[in-house]
Every structure is written in structure tokens, then in C-alpha cells.
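Structures are listed in the sections that come next.
Here chain A shows up in two complexes: once beside chain B, once beside chain C.
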Partner chain A sequence: MASRGTAQRPNGTQGKICQFKLVLLGESAVGKSSLVLRFVKGQFHEYQESTIGAAFLTQTVCLEETTVKFEIWDTAGQERYHSLAPMYYRGAQAAIVVYDITNQDTFTRATTWVKELQRQASPSIVIALAGNKADLGNKRVVEYEEAQAYAEENGLLFMETSAKTAMNVNDIFLAIAKKLPKNEQTGNAGTSGQGRRLVESEGQKPTSGNCCK
Partner chain B sequence: MSPALLENEERCFGGMTFFAQSHPAELCGSNGLPLTPNSITILGKSQFLKTINHPNLCSYLDIIRSKHERTIVVAEYCGKPLASLENLSVDKVIRIAYQCLVGLKYMNKFGLVHSHLSPENILIDKNGTVKLFNFGLYYMTDHGKNVSFPIGYPKYTAPEIFLSSGMRSVKVDSWSLGMIIAECLLGCTLWPGYKLSQSLRKVLSLVHTENSIFERISRENNCFNIYEDLPEDVRAFVNDCLQIYPSQRKTPETLLELPIFQEFLKKDDQDRENSLYENVIQRKMDELYYLWQLAGGDMTIELKRQGLIRSRPPILTIPNLVILLGQMFGRRDIAGLLDLRVVKVSLELLSQRLSHIPYVANYPRLSNHTYAQEPNDLTDTASQLPLIIRERDTEYQFYRIVLFNRLLQIYPITKDAIKREAHKDIPPPVRGAIWAALLGVSGDIQTKYDMIDKETPTHTDRQIEVDIPRCHQYSELLSSGAGHERLQRLLKAWVRDNPHYVYWQGLDSLTAPFLFLNFNNEARAFACLSAFIPKYLHKFFLKDNSAIIQEYLSKFSQIITFHDPQLANHLKSITFVPELFAIPWFLTMFSHVFPIHKILHLWDKLLLGDSSFPLFVGLAILKQLRDFLLASGFNECILLFSDLPEIDIELCVKDSMSMYQKTPSSITYRKHQYDQSKAANWNEPEVGTEKIPRISVEDLIYLVENSPDKVLVVDLRNNIQYERGAIAGSINIPFTSVQLAQDRITSLGPQATPLSENKDRIVVVIGPNDQNSALFAEFLIGCQVFGVCSLQGGIYALRSKASNLLLPARKEKGFF
Partner chain C sequence: MYSTLTPKCRIVESDLKCKSGCDYYGNAAWQGYCSVCHRKKQRALQEEREREALRQNRDSENAGLADQKLLQQDKNKSKLNAFSRLRKLPSKGQEQKFLLRELYNSNASDLDKIRVDNQDLLKVLDTALLKDLQRKMDNFLIEILEAKDRKKIEKLSDLTQIFYQNCSKSLEEKVDQREFSLEVKERLLDYIEKYTMTMLYRLLFCPPFTNDEENDLEIQKRIRQLNWVSVKNLECKIHETSVEVRELVYTSMMDLLNMDAAKAPQEKLACIVHCCSNIFLLLQQSVGGPASADEFLPALIFIVLKANPARLKSNINFITRFCNASRLMTGESGYYFTNLCCAVSFIENLTAESLNMTKSDFNAYMSGEGVPANTWESALMICENLHLICEDINLLQELKNENEKIFVESKNLEIDMLDFCNKIQVDVIDALNKSSLKFSTNQKVSLQLDGDVGTSLRMPSPVARKMDNELPENHVQQDMTEPNNFNSTLLQEKSPCPKLSLSDNNFSTKPQIHSDSGGLKHDDFDDASNDLMESNSSCNSLNSSECTNKNLSFSSIRMNMISEDYHGFSVQGSSIPTIPCNTGDFAFNLNVEDNSNK
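After this line comes the complex of A and B, so read on.
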């Protein structure tokens, strides 16, 4: 479990807990749900069932100064569920757009998601591009350099990940956590209408998130 | 007293077992998923064999997958193997050959090649009837590819099998039969005591025979004198079988055309005609096997008892060498070989259990063809027991299966009776057929299904392809190759057959239960799906279905409010809307939410209700989570649904049924529902604007006239209008007197006491003005009053349709 990257704070106290809404987007069967499952529960299911509508999970990441709690919306990948997507990415402070390195179409689809986010989502949104299924290197179709160049052009975080081997899964969430602004105002702005707030707490444990158990 | 099963039962169950070849560890398929274990591939493929029923073939009953890639095959076993019979007359041998050929011809029709014929698996019963046992081994192992042992007895194997690795034709069976029959006719064992390699060499040496192979064999085995005494046509038959070149060898079908068999054929035709009018019910083997299992039978245990399954010290299964890539060498395990032993298990256990049931129980009485009378009151009292117990009760299941089979025989005229019986429960073995009946499936569904193009590539293919390998994959059947192929065909067929609809993710889950139940009857699975979707998911699969889903979810919110205002208020206060969790529920009718075994019980009842039933299922699920939801905030609630806890499905079904029955149907009217007959003239305000449902005048009239104790009418008009004419027993609360800002019923004054005490009466708000009615109803919800709805059309509708119900109210309410 040492590889989870969500190390527990030794004394159990911390300065700030920031909550961020993060949304996962991408073509179906690229591994969105698997990434989340790996990140949140450290599990991997070969036959992860498809997501209909959306699923919601939370996980906490501890940085040096702050504790970041992600509220993760894992969306359905099928193009038809597109109309539901804005409901989930509205007010999101971060997004991971996922593609499958063994399938060129999923990369193309990822680029359209990025465009849509840049156009429609909150302007300060942190977008990460994840080339998933990196464990299937021998079936690679999308070159690392191609995706990296695209990510740089568009100011995205980029990593190739593998939900199966856990490669870079925590890292990509950690990188997002680091890049997200932690001051009170941005942390608070645009949170979903569910009364999300930035919690200032002394010694209060985050309500959920495995890292603090 | 005569028992339910015929006494002269010679049939029994035969069990055998072998290991599928295991894949090298960690090997993945092209999609990155692990390879399907061969035992699962075998399981899926062998399902088809269960559909092969013929008097000369032993029916397959079950294929069980056990630990370490072990496959257990259960089939009918009848009589004694040919190998155990001695000194057979030539006539008897020919009669046996004839029946073997008839069996082979029948299986060849389905593209099945036996390839495993031997005197051990040609069974002959007391009456001389021949049945071929284990005829599907070659087929179920995908032509032997999924097992590490060769298929076929070396001595009886056609020479071309040793010389090429291609697919075996039906002619290999002609050869094997020829060898077997030759042995019988010559009355000796060919090449006795030969080792495997020697008999193999013997078979191959025959390739160079120039004349009759039969003659050569007889000379080699010192029985040429017997050969010489055989009738000419018998020798000709064996020679036709034993042709070296497959091109010159006859198939089982053409062998049957030989003159020697013509008399048998004629007699068979006659027998068939004569038996047409004999109607002795003999329970089918698959039913008996099912009941035998209920009675405690277990083939795995039988195989263990007889030593066919033996646990071995683990050390013996460790290979000598494993290289880093995972390949293994020197396995000291002989499990890869085929164990030829067959365990016979008699029906004794079952006969004992059913011994006190009279034979006539096989004939349930049906009067008027539509009404089923219970053979005795056993099933009635038993139907009070929990479903789980009923489903495991041998006797109860016997009665139910007999009854349903009878009803199905003359479906569709028994449609109503089937429906009535299905309300009690549905026995698992007939569930597929019963569901089809409940959905009104009839006619030539096979032709219709065959006509649909399931091959041409479409844009949806990729989506279907990625969805199938993750659809209910815990199920061995659905995760097998055969399962994937069938599901794909069904989905493609549906998309093709419904051009106005599109494939939405979730359709795969929705199709899965139908495929699961009708694994060997795709046409019926398809017909069920095609009937199910319009009935329960009308327009849900439109390309733009947002209006339909929105309406459905908004109706769901109304139903929550109607039945559980406290929960509705809480969910509203944390902005926890059904859009966040209920889309997969309703779009897939819960098939994406529950495992198959739960879906089956849920849908058993769902199919008896209309398209509003699922709303109550949703409500019943919420009810089980109620305490947690009420105590939780938004995040906890949504987390709960992302990882739904175990739901007690029997309780869920019971709750949904009771709420469904308590709710007048107009409460659930939707503009987009399939059956518009009732919803006609229904002017619902725009979706989402009213939080409480409306009730139709007809439903109100029905309630007032038939069960006045179940309804509480609140009249919002002013006193004067009210006293002129109102529904007897109604309460008058003039709207102008209501302080909407309040949240306590007591603020309405003493006449509102029945409202605050209301537990299960339906509260109908009647006003002169829809808007005010809605406002007042919402006020009641705020006060957590159960069962609130407003009258569609208000007082005017009531006046025009049932003015007789409006009585001068002065006397009724003396306290004014």
C-alpha cells in the first residue's frame, strides 16, 4: 500500500483541507472507472462493468501543506451520454481526459473532450490527459511523443497510466492536486451547487478517504 | 398407489469428468483481457448439446465447471455398453448398427461429429434400444482444441485422423462404426493386448490394403471362417464403412440407404405413426435431473465417492521446472488425460422423494383450458413459504413444473392462467418460456429472428464489442465465447430491427437476463427483448431520450414524495436528485444494478406489472437505505449509490408489489408511457413543475365508491361553495385560510386532524384552481403528510363526471 501516494500525515493534524471536484471524461472502455477504482480503492477488475450515467467517489491526497479531497465524477463514455456530461463537468476544478494508447480513435475523442472543456468548463480548470492501458505497450498505436506534444500545446498535464499495474495512477492525481490553486477563493469558487466548501479545520479528520484511516 | 415416476425406469444419470487445457499463466488476449479459461469456453459451447434430443442419443443434462479447469459432464445413461455384451447374433448386431447410424445421422444434421465412438459408449437397454453416449465430446472441446488429450479410441480411429490435423468429417464415425461392428460380427477383440503405439501402427498399416479391409482384419485375427459365413449384404455394409479414402467412404446418412437397413426404416416409420396417439407422459430427463438435484443429488459428490475426483497432494501438481515467462515443464500430473470411466447414478433418490405422489399428478386438471386447478392444496399452503424455500422443495417444484408445462403446451389460450400462476412463483426450469408467455411472445419467432441481418458491420459495433466483455461476466455462461457471440448477435439484431432506436450503453445488461434464460433459444431471447422494451422502456432508446428520462425521473420524485414525504424532503434539502443515481436503474430496469440471480426474481414480478412498476422498485430500494439516507449529506448519499450495498431482493419485490397495488394507476401516468389508452386526455403540467402527482377523476370516484376508508379528500373551496355540494366525508380547508409559510398541520385548525394522523390513506386535494391545489399539496408535503395528490382538473372535472358524488355538506360536518 506504500505505493498509494497518499501518505498519512504523521501527526494527524494539518492546516487546510481543500475539496475539489474532478471529472473523468473519455471514450468508453478506455479505463476511466478502472483509474478511479485503482486510485480510490487500490483495486483493479479485469471486467469492470460499464458506467451508465455517472458514478461518484471520493479520495483524499495529502500534500505538504494541505490535504486535497477529490470528489470524483466518473462519467459514461458512450458518445450518446454526452448530453449528460455538462451536468458533471460544470463547476469542476479538474478533469482527467482519458484515452487508450492502443486505440487511435480514443485519442481523437480525447482531443474533442479537451476542446469542449476549454470552451465550456470553468476557465481555470486543470486538465490532465491520461494515456491509459500503458501495460499493453506492445499494442501501442498512439505514440507517447504525439500525445505529449499535444498536451504541451494545450497546457495539459500528461502521463501514460496503467490502471492494471497502477503505474502513474496516483501520480496523475497528485500532479493535479499540486497544480490546483489552494487559496481559499479559488478553492471555493465554482464548486457544485451542493454546498461544497473549503473546510478550514484544526485536527479534524476528513470524513472519508482511505488515507486517513 | 402408483408413483409419479414410472416404475420401470431404466434411465439413470451418467457422470464423467476431464480437465480442460489450462492457459499459460498471465497470458492476455488482444484486448488486454485475460484469456477465457478453456473450461468456460467448453461450458458455453456445450450448452447447445442440451438441445439435442433423439431416441438414439443420450441427452446432455448438465455441464459443471469445477476447480482447476475440471469439467464434469452429466448425461442420460441407459442400459449397458455394447462392450459388455457377448455372443450377439448377426441380426442383433445389424439392428445395433442401424440404430447407431440413425443417431449419427441425426447429430450430423447439426454438424456434430462423434469422433469418440467405441463399444463403451454405445449403450443398449432391455428393449434393445441403442443410445450413443458422450457424442458431443469432440464438439464441446472445439474439435479437441480445448483439451490436451486426443479424442477417439486409437483402435477405432479412422486413419486419416492420424495423417492430417484438419477438421474431422462425419465419415470418421462411419469408419469407427465399421470397426466396432466388425469386432462384434467376428466375435473377437481385435489386436488384443496391443499397446497404444502398436494399435496405432496397425491402423495405419491398413492404409495399404488393396482389397477388403474387413477381410484382412478377419484373417489377421484368425476368424476368416466367421467372415466367410457372414451374409453378403452384411459384409458389404462393413466394407462400405471401412474404406481407406474418405472420398469413397459413405456417410452415416448414405449408409442408411443400403438395402440391408430398408426393413428397419419401414418399421420405424410405422412405429412412429402408431405412437402418435399414445400419450403417456414420461417426465423429461432434464426435469428429472433438476428435481434430483433439489432432492440432494450432486454429481460432483458422486464422482468423488467413486474415486473419479480425487484430491491429490499439492506437491504432486508442482511442475519440475517453471521458467520466468511462466511456461511449465515436467508436470507430473496425469490429469491431462481423458478418464474413460463413467459413474452411473440411479434415480432412486428422486423416486423415493416422490414416491407418495400418484402418477395422475402428471396430468393436472385444466378446466376451460384456462383455469388451472390445484391437484391438492399442497401447493397452496406451500406458496405461503418464502420463495427461497419453495424453490428448493422437490415436491413443490414437481407440481409447479408439471402444471406450467401443461399450461405452456396450449399457450397462448392459457395466457391468463399462466399469469395467475406466475403471481405465486415461477419454477426456474420453465422461467424462459413463462417470461415469453407473460410478454405475449407467440408465432414464428424463429423465422423472424433468422430474417434479421446480424452480420453487416454498423457504427455501433465498436460500442457493442467493448461492452460485451464487461457485461455480467461473473456468470460463466455469459463470459464464455458462446455467450459473447450470442449477446452480440442479439444486440446487433435489435439495433437492426429498431431503426428508430439506437444502442445505448445498458442495452447489453438489459439483454443479458433474456439470453441467460434462453441460452439455446436466441430467437426467444430476442422476441422477449423486443416485447419488453416497448412495454417498459417505451422511447427510452431514442437517440434523444432526454425528455423521456426526465419525465420518468420526475415521476419517480413524485412517487417518492407521495409514499415517503419525509425522505423526499430530506433528499430535496441536500439537492440529491434521481438524475444522479437512478438513470442506470430505470434505463436497464435494474439489470445493470443487480446480479442475474436477483434480476430473475425481480423481473418475475416486474413482468406482471405495467411500466410504472419499476418506479416502485426504485422506491423499495430507497426504503431499504432509508435510515442511512436520512442521516446523511449529499456526499455520503451519492457514495452509497456508487457502491450500492446488498439489497434484500425478496423484501424489495414484496415492498414494490405492495406499494404498486396501493397506488392508483393515474398517479403514475406519463405522457410517454406505452399504453396511452388511460393516459389520453391527460394534461400534466410541464415536467418537473409539480412535486406531487395528480390523480384522475375516475380513480377518485373508484376510491370514494369502493374503499372510502382509503381516501381522504381535502376540499380547498370556500365554505359557501363547499356546503353547496362536496364529497361525503371530505374536509374543507379554504385555501385562503392556509398560511403556507407554516410547516405544521395544526396551523390548519381542528378539522385537519385526520391529515396529521394519516398513515395510509390517499389524500386528494381538490381545488377550483390547479395552482392553489399544487401549493397546498406542497404545504402538506412540508408537513410530511403521506399519500398526497391533487385531483386532475379540480372540482370542475369532478362536477362534470360525477356530480352525483357531490352532496350538500351541511349535515356532514356539524362542527361548523
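After this line comes the complex of A and C, so read on.
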């Protein structure tokens, strides 16, 4: 369900460009934006002037046949904004749920995110679970095996990452890119029809909320 | 009188009220109804029309089909042809055409601007393609104009989105045929959207058959109620005390407010994008690094709360309904728009828990009973006061400059006065030098007078007095020829002295008289300085023959430096036996010197 379809099709050899919307979920301060900044800019705490925001970023990943362009939507992790999340992950083809391996609560929150995504997001959404701050192994609270088992149970991609050391950062995005359906047919047909409906319902959300008040 | 006259010119309040009789005010634009009643009326009318249309369709389905076929044929013709054919259509088509033309005219300037903005794009393209596009757009416009009274806003939105998709598909074919790049296609789609939506803006933005306006008012009221919400409540990291951050806060608020002024959904989106990028800038300064959504969303909510943009819901609805869906789904603008929708939704559903405060506090603030200590407000107040202080400092600086100027001026004046004084002295000396006339008096008498006050008081010389008595009379006779006040005062002074001395031998009263006359001279000096000089010279000229300088005159009292050349009023000196206090020594020395010279 890549949007904007393909480019340079007549060339053939160039391959397709698939654009995907990826949404980042997780408690605040688990390092969602650090993870993305590491992936997109290769930065960690050494921000360049040009990096103004880390809420919306794009990055392309090259696979053998296709070029995957990620459009990464960060979400506010605070509990009070939890109810707004559906607006963000509506129409997303992939999601990374991030937790902090040194904080059990964040893992619990992550599992609720996963449940919510499986229930409400598009059924074909690719969900990845990322245990961030893996460099702080000595403060580990969430065991690797526990998370691994949970991920397998729910059919998630799972990696422990570290935005600080760049461990597994590119890998998890690459794994998602590989898992995403790049069938051109679904890509083109899907976007036009489905995409529109999604946006409309998105627009209706605040309206309906207003009516309920 | 006024009270009896004016009522004739007044509009009675009931004339302004809604025609339906509800207690609100009506408006000419709404046919004299208030907005609510007008909308009700419109809705009823629309339902009526829908029913009518349905009935007509059922009644003359065949006829209707034929009609549609005709329309379909027209659509295949070029724009001009379409117009000419439309004229032959039943009145309905004519109405659309008229409306379309009206729309063209009313939006001419905006459309021209869009054309100019996209000139580089339109020039490159094939004219046939452009004609095709124009035809498509016109057909779409007519379609919407036809449907606007009969269909719900959702249907109109669907029609628009289908139109966008059709355009996109046909353009994609062109891309596949490598007629132009993907980028050009996107720009063309934007152009189409801007063009058509600018045309239809008046009809599709906050139309009376939706409840957009009510929603607008509701959210506006809600935001007003929430005016106490501060940065702290939202836990957002806006560094309020920084000047640059505050500037950016205002800039982003302005961007958000500008959204209402833009017409095309794209332009409205661009306003949102501007606003959001400014928020990122201010967050970058506040946080000290790239801001994530954790910081961005609260900041956006804060900005929305503080800006309270006009017709917020109408604008959001207009964008969701009529902006190209693919633009809203993806890309930066899509992300920011989603955030704005989230912010609005959050504001609508805001509760005490979402601000981490107790219910009672929240309710008190909402009802306006309590006012929380607001850092934003206090910061603003401090700024205001700082501003005032700055202004005052500037004012003080100005006053100081003014003061310095005055000081300098007064210095100059002092110098001028001294110069003037010197000049006068020089003039006086010149005048004295030029003339050889001198006052003179009996040497003996003056010696006695000046040398020993005591003796002089007790033992006035009868000889001198006699001379004095004679001399003044001569002087008077000669002086009278000059119309000089000063001389007359001199005369008055001179005359009583001998009288006194003659009638009363107790001379103790004499110094009194002298000092009085001295005072008189002193007071008159400034005004009559010229007179004095004249009188001086005249006196001098009178006594030129005697030419003794034993006596002091008032001029030597006033100006000490004339001592060498000065020879004194001999007459006066003789009549007054004492010397004014402060110059006594000087006068005495002078006399002694003169004596020794003799």
C-alpha cells in the first residue's frame, strides 16, 4: 500500500520507490526521537543547526529491488495524549513501539500500544517492538527473553536498540522495510480509495468528539 | 427637544431582531434572520428542493436522462463551446453558467494571482493539455454548482476528491508517457486544486447547510474558557522569558490566525506548516535540541489556545473535505495538519485529569471563579513593566540632554553677559579716554571728607560747602539742557545735601542720605548705563578745567578698574562726606595716593 506508486517505471532497472508512513509510539522519554534522529541524521546529542525538529522526518532505505521511503511520524508519548494516537496511526503502514529496557512501566505501556494497534490500526500494519537504551545494560529491568517471547506471541518484529551507540537502529528500519508489502498493485489501487476514506474519517474524528460533548 | 426629534431617525430595536421572533438579532445578509434561524430556513429549503428533485426525477426520468446526455456531450466540447451550448440548456444550466461567470468575476484577482504564481509551470506545458485541464475544471465547477443546493457537504467533498483523483490519473498517464516529470504532475494537481477551490470558496467554506458555524462558536467559547491554561498546565517546554522565544510564539500565532484569510485549502495548509515550523524553532531554543512530538504537541495546543483562531472548525473541515486527500495523508503538511486536529480534539475533550489538576480547581478556573498564578501572564506583565521602565529611562535621558543643553546655553549666556559687561567697560574707558572733561572738586574738602570720616562729619568746611552750593546750581543750569533722567536724579540728590547741612548741623544724617542716593544709583545703573555714560561725559566735560580726581563717584564704586583715568564727580563728592562701606578702603587708598602725588 505504498503511496505515490512508482517512478521511472519505463526504466525498469531502477526499481520502484515505495513510500510508507511509519508511526512511532511509546512513553515519553524512552528515546523515540533519538532513535529516529540516529536513523535519519546519524546524530545523537550532537545536533546540527539544520536539525530543527525530530517530529516529522523522512529517510529512504534501499533494498535490492525497491527503494523504500519512510515518512516517520512521531507521536506525543504522554499519557494525556494517548487518546489522540488513532489520528496518527490511521493510514500508517508501519509502527515502531518503543520502550526503555531500564523501565518496566514503559514496557507495560508498549504492550498496551501493541494491543491497540492490532485492534484499531489497519490490519496489515507492520509492528516492530524496540527495546531502546540497550547501552544501559547494567540497569536493565526488562529482560530480553521476556520481550522476545512477547513479540513472537504477537507476531512483532523485535530488536533491542541503542540510539546512543547506533546498535540495531538501521537494522530495525531495514527489517520493517523488508516486511512491508511492496506489491505495486496493492500500492496504487490501495492509496487512492483507502487513503481518502482514512482522511475523511480522520477529519470527522474531532467533529464527532465535539458532538459528544 | 432632542428627545422628541431623534426617535424618528432611530431604528426600533425590534426591527433589528430576527424575523422568526427568537430573541437574537437578525442580519440583512441572512434575509433578516439570525444565523441559527437562517440555517434552519436554508435546511428546510434544501430538503424541499431535494424532495422536489426526487419527484422530478421520478416524473420525468427519461427526460432527465436526455438532459444528462446533452450535458455529457457538452462536456466533451471545449470551454467556449460548452458555454454556448449551455445557453441552449434549460434555465437550470443557464443559472449555473451565470453563477460560474459570477464566480469568475468575484475571484478574478485571486485567480490571476494563482496563474501568475504558476506561470513558469503553465508556460512549459502543452496548450492542448492546458485546455483539457481547463475544460475539466469548468465541468467540475458546474457539477458542484449544480449539486450544491441538493447534496450534503459530504457528497460535495466526495465529488471533489473524485475529481482530484481523475485529474491525478490522467496526469499520471502523461507521466508514464514521459511528457513531464512527477514533480510537474504534483504541481499541476496543486494548481488545479487552488484554482477550483478559490472559485468555490464562498460556496463551500462554512456553508449554511452545515453546522460548521455552531462548531466554530463552540470551540471559540471553549478556548475562551480555557484562557487560564498556562505553559505549566500543559507541561510544555516553552521558555517564556526569552525575548526571541516570545517573538516566535507571536509569529506562530499570527501564522495560525492567517489561516482564515487564505482561500485554497493548500494555502491554509501552508499557514499551518509555517506555524508549526515556527513552533519547532522556538522549541529548539527552549529545549536546546531538535524537538520531538512530546514537546511539539503541547506547544501547538498552547499556541492554539492563545491564538484562538477564527472559524477554526470551519477551516479544519474545509481542509479535510476539499484538500487533495493524498496531501493530507502524507508529507509534512499532512503531519502538521494531523497535529492541529489532535490539538483541537484535545482542547475539546480537555478534562481536569488531562491537565493534572484536581476537579475542583479545574471547575473553579473554568467558571472564572479562580485565577491561577500564570507565569505567562506575569511574564507579560513584567515585560510590560520593563517596557515602561525603558520608556521612562528614555524620557529621563531626553530630559537630561535637554538639561545639558540648557546648562550650555546658560553658560553661553553668562559668557555673553561677561562679554557685554567687558564691552561696556571698554566702551566706557574709550569714552572716558576720548573726552578730556573731568569732574573736579575742592581738593581740601575731599581730602578732609575721605581721609577722616569722623572729622568730616563733625567739621564740614564752610568754604567747601559754599562752593558746593554754587557749583551744583551751575551744573543744573547746564545739565538741564540734556533731557536726562539721571541728571535730574543727580540734581535731586545734590540739592538736599547742602540744605541739610545748612539747616541742621548734626551731620549724622548725611551718610543715610548718601547711602540712599547710592542705592538709587545702583538700581538705575543697568537701565541707565548709557545715560550714565552720557552724564559722566557731560559732567566730565563740565569740570574739565578743575580736573582733580580726589573724589569717588558711583561709577568708580560700580567699576573698580577705572581708577586711573577716573576723576570723579567733584560736585557730588564734595556734597557727600562719606564713602559707601565696601569701597571705603579703596577710596581711601586712592585718595592717599593722590595726596602723596600731590
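Keep this in mind: the second predicted complex is superposed on the first by the 162 of 213 C-alpha atoms of A that agree within 3 Å, B and C clash if a C-alpha of one lies under 4 Å from a C-alpha of the other, contacts with A are read in each partner's own complex, and residues count from 1 in each chain.
Criterion: a contact is a pair of C-beta atoms (placed from the backbone, for glycine too) under 8 Å apart; a residue touches a chain by one contact, two chains touch by 3 or more.
The model shown is predicted, which means the values in this text are computed figures rather than measured ones.
Using the contact criterion defined above for the overlaid structures, shared-chain residue A:182 touches neither chain B nor chain C, since it reaches no partner. Of the two partner chains, chain C is the only one touched by A:91; chain B is not.
Of the two partner chains placed around the shared chain by superposition, chain B is the only one that A:102 touches, whereas chain C remains out of contact. When the two complexes are overlaid on their common chain A, residue A:21 makes contact with chain C while staying clear of chain B. In the overlay built on the shared chain, the residue A:32 is in contact with chain C alone; chain B does not reach it. Contact with both chain B and chain C is seen for A:47 once the two complexes are overlaid on the shared chain. With both structures placed on the common chain, the touch criterion links A:75 to chain C but leaves chain B unconnected. Of the two partners chain B and chain C, more residues of chain A are touched by C.
Look at A:133: by the touch rule set out above, it reaches chain B but stays clear of chain C. According to the touch criterion, the shared surface of chain A, contacted by chain B in one complex and chain C in the other, consists of residues 28-29, 47, 52-56, 71, 76-78, 80-81, 83-84, 87, 195, 207. Interface of chain A with chain B (complex): residues 28-29, 46-50, 52-58, 71, 76-78, 80-81, 83-84, 87, 102, 105, 133, 135-136, 139, 164, 193-195, 207-208.
Note for the complex: chain B touches chain A at residues 28, 30, 32-34, 462-463, 466-467, 469-471, 473-474, 479, 502, 504-506, 508, 543-544, 546, 574-575, 579-581, 583-584, 587-588, 592, 634-636, 638-639, 641-643.
Here chain C touches chain A in the complex through residues 154, 157, 161, 165, 168, 172, 176, 178, 182, 215, 218-219, 235, 277, 280-281, 283-284, 289-294, 296-298, 313, 316-317, 319-321, 325-326, 328-332, 335-336, 338-339, 341-342, 344-346, 348-349, 353-356, going by the rule given at the top. Of all residues in chain A, those touching chain C in their complex are 3-5, 7, 9-10, 19, 21, 24, 28-29, 32-33, 37, 45, 47, 51-56, 71, 73-78, 80-81, 83-84, 87-88, 91, 191-192, 195-196, 198-200, 202-207, 209-210, 213.
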